[in-house]
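In what follows, subunit A forms one complex with subunit B and a second complex with subunit C.
So, the complex of A and B:
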């Protein structure tokens, strides 16, 4: 189950927290400073929560933890701040997807861990809600 | 009647309704129900990756957008539900962490059947109204359970409503006053080890829902020296369509006053969220100066009633997050087999 690992990753999973370097580079997920690197060279940075669908694929043969979802759609999203992120798509069918369509981040269940069912939550993307 | 020393109001609000619906007709088809009138047209169903926590997070984010405050300014994140995913571990800390609040907050889960969310709202009025805090997020969210084939299965739905209580000067709608009325009435209950609740059929009506809701609403009107005619809108807890329509008539409201906030026909009974998203739907259309009566109901039993007045700030704020209608429009019907699988009704 590795409780400390699940706990440590919640910032990136819940809030898309990455890091931005003084020179403008962005990395996700956050990493510890490398040897010889200034401790404050990378600052916390929240990725944009909207973007467009850059590419996607539908997986129809999945591990048992996805058996409630016969089709799992995984996309690459070009975020509004220019970053590319890989994420599961939700609230959609493959027939509804088009490259370039607007998508937005939501927090959803990623599943259960361990025999006692620790619940894991994280980011997914869905077609942008039309108001 | 309770009125805080420091005037308070709703400074942000947000709704969330899942994309999926099952038609009441589809449930009736499987269970060979009589051809009598069904209590609703369809009900919302949480997707396979949704629960009370994920819905509370999205409703909370919408409320923060409209409040235009930093999540770090929240002093409390309170989640009312009867379907918290954990029996022991708060939903509130997960929701707070996802929203990006300070860690110096109160984060707790509230329970009172379908009025757990408005219990949090009343407590938020106390915290802000006493001057102990400036902003409190009160959420009502549920993925309600209904035994297969039971009358409850036609209506037990899913949604979340989030309200941020703050100073009246910043409010989108001020809260003039509130009352709470409770009694020990066993109309509906579920023990911790049981998967589905038990309800008292017709006993859930007159001595339970109608008595508590009408008593609370009439008491609030009487103490404020008002009648239903002084209000533009009324929102009542909505386990189906008929109950809120009937209690509205008992209190003196017309169907027109209740129409904007009556969502049960489309999405069913969203339990702790029901009256709160009804209020969200009204705030989506109300104008400055409009007066709103809100009355929740929780089995077991009790009702919280509130009198609100819309301010000039509402019209600009309502477009900062998706309106309730945006969630109602993205309607995807599913069949009973899919519903049964997603809701864990198929036992291996």
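So, the complex of A and C:
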């Protein structure tokens, strides 16, 4: 079981913690400074939790960890602050989805890991309920 | 820099080889490529393989295969997802070009069918970003589907605009005895195929299968002894961000563009000098984006090349003449070596029913993951 990894990632998965650059650029997740970048150029930043659907797919042939789900819908979301994020889409059917539609983040189960079935939670996105 | 020549080549048929192990396939290809060449002259073995440690539960494939082949030489496994074989070829190229070796063997091998499809999907997804993409359930096919969905939206195209790539691949696969699928398909069949990862349907998705391919690379010292040597005039690789959402332009394969440009510059060739081409084409969208990255089409225009027959066997830029990923079969990390074996057959005039007339210069580009690694090689008929 990779328990330390799940613990280490709780900021990005529970709170959408990313980084904002001094010049206003936003990125996800938080990551070390790239070569040649100042160490303090990027500061912690909580991403916007709403955005629009940038692309999506409905996967019907899935990996063993997701094989119990007949369809796994995955999208790329363009958040209100301009950052792109890849996430599962929930509370919707493929027929409802359109590029450009408004979506919002929710915290949902990502599945179980390890022999003790540790429940792992994280972000998913769903069609926005209220404008 | 020494010139690098391709001497022997061989590949196994691409099949669901349930009765054969990874080692069986590897040794078949090695024996075929080495032929009557003295194996004691081999100074290194470079093995391109993407899935061996997960699907065959075997790492250290360099020593594992070299030992079985009776070779006691430098033996290295190279891994870059689907680009593993092409990157292994580049390592072999560099070994000879640098003068470190005069004879090396490059092997691409993949054994996928020992596990069920869901396990294969899991292994293939290791080529995605583990924390940002794999963890949320994305598959490798799903990654390409995300690009296709956006492409269709951005350029206002129907999904059927991508169909001619698979139709072309199957038309060519029908003439390749080593192909997994030796039958043609048509536009109606394509349109009626069930969805795999919307908008990618079953006839727009390659099938992962088993196979091995090998090439012997030699310096000029040995090239004179080879019948119909082929020279590698360009070799370049590049990389871009693995996570799709972190790329500055989702629909631009930066690594493909960079490695292609570098290889053409090294060869001192214009792209129009290429007589035929092999690409990573597990889906039509992959072929389309690669053609745009290489400059053969403007952004959003690559489907026209397929629709107008430019990529057909008798077109001006034949693509996937042995069937490509779709019909020859998707051999994972072995693909880059298969591509070169197929192009060498074309340049030697040995491609049978699929022979392209007057083929003198060919380009092979192979991608890892959803294009995060790209390796390009340019081959020409040698005059030694």
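Quick notes on this structure:
The rule we apply is simple: the second predicted complex is superposed on the first by the 120 of 131 C-alpha atoms of A that agree within 3 Å, B and C clash if a C-alpha of one lies under 4 Å from a C-alpha of the other, contacts with A are read in each partner's own complex, and residues count from 1 in each chain.
We adopt the following convention: contacts are C-beta pairs under 8 Å (C-beta built on N, C-alpha and C of every residue); 3 or more make two chains touch, one makes a residue touch a chain.
Bear in mind the structure is a predicted one, so any value in this text is a computation, not a measurement.
Taken together through their common subunit A, the two structures put subunit B and subunit C side by side without a clash. In the superposition on chain A, contact is made by A:87 with subunit C only, not with subunit B. For subunit A, the partner touching the most residues, choosing from subunit B and subunit C, is C. Once chain A of one complex is fitted onto chain A of the other, the partner contacts of A:34 are absent, as it touches neither subunit B nor subunit C.
Legend: residue contacts after superposition of the two complexes on their common chain; A:119 is shown touching subunit B, with no touch to subunit C. Using the contact criterion defined above for the overlaid structures, shared-chain residue A:10 touches subunit B, although it does not reach subunit C. Here's the short version: in the overlay, subunit B gets within 12 Å of subunit C at its closest Cα pair.
Applying the stated touch rule to the two superposed structures, the overlap between the subunit B and subunit C interfaces on subunit A comprises residues 110, 124.
Within the complex formed with subunit B, the subunit A residues making contact are 10, 14-15, 68-69, 90-91, 106-110, 119, 121, 124, 129-131. Contact residues on subunit A toward subunit C in their complex (touch as defined above): 9, 12, 27-29, 54-67, 72, 74-76, 84-88, 94, 99, 110, 122, 124. Per the touch definition, subunit B reaches subunit A in the complex via residues 19, 47-51, 53-54, 57-58, 85-86, 94, 97-98, 100, 319, 322-323, 325-327, 329-330, 341-342.
Those residues of subunit C that touch subunit A in the complex are listed here as 116-119, 121-122, 125, 131-133, 135-139, 141-142, 145-147, 149-150, 153, 194-200, 243-246, 250.
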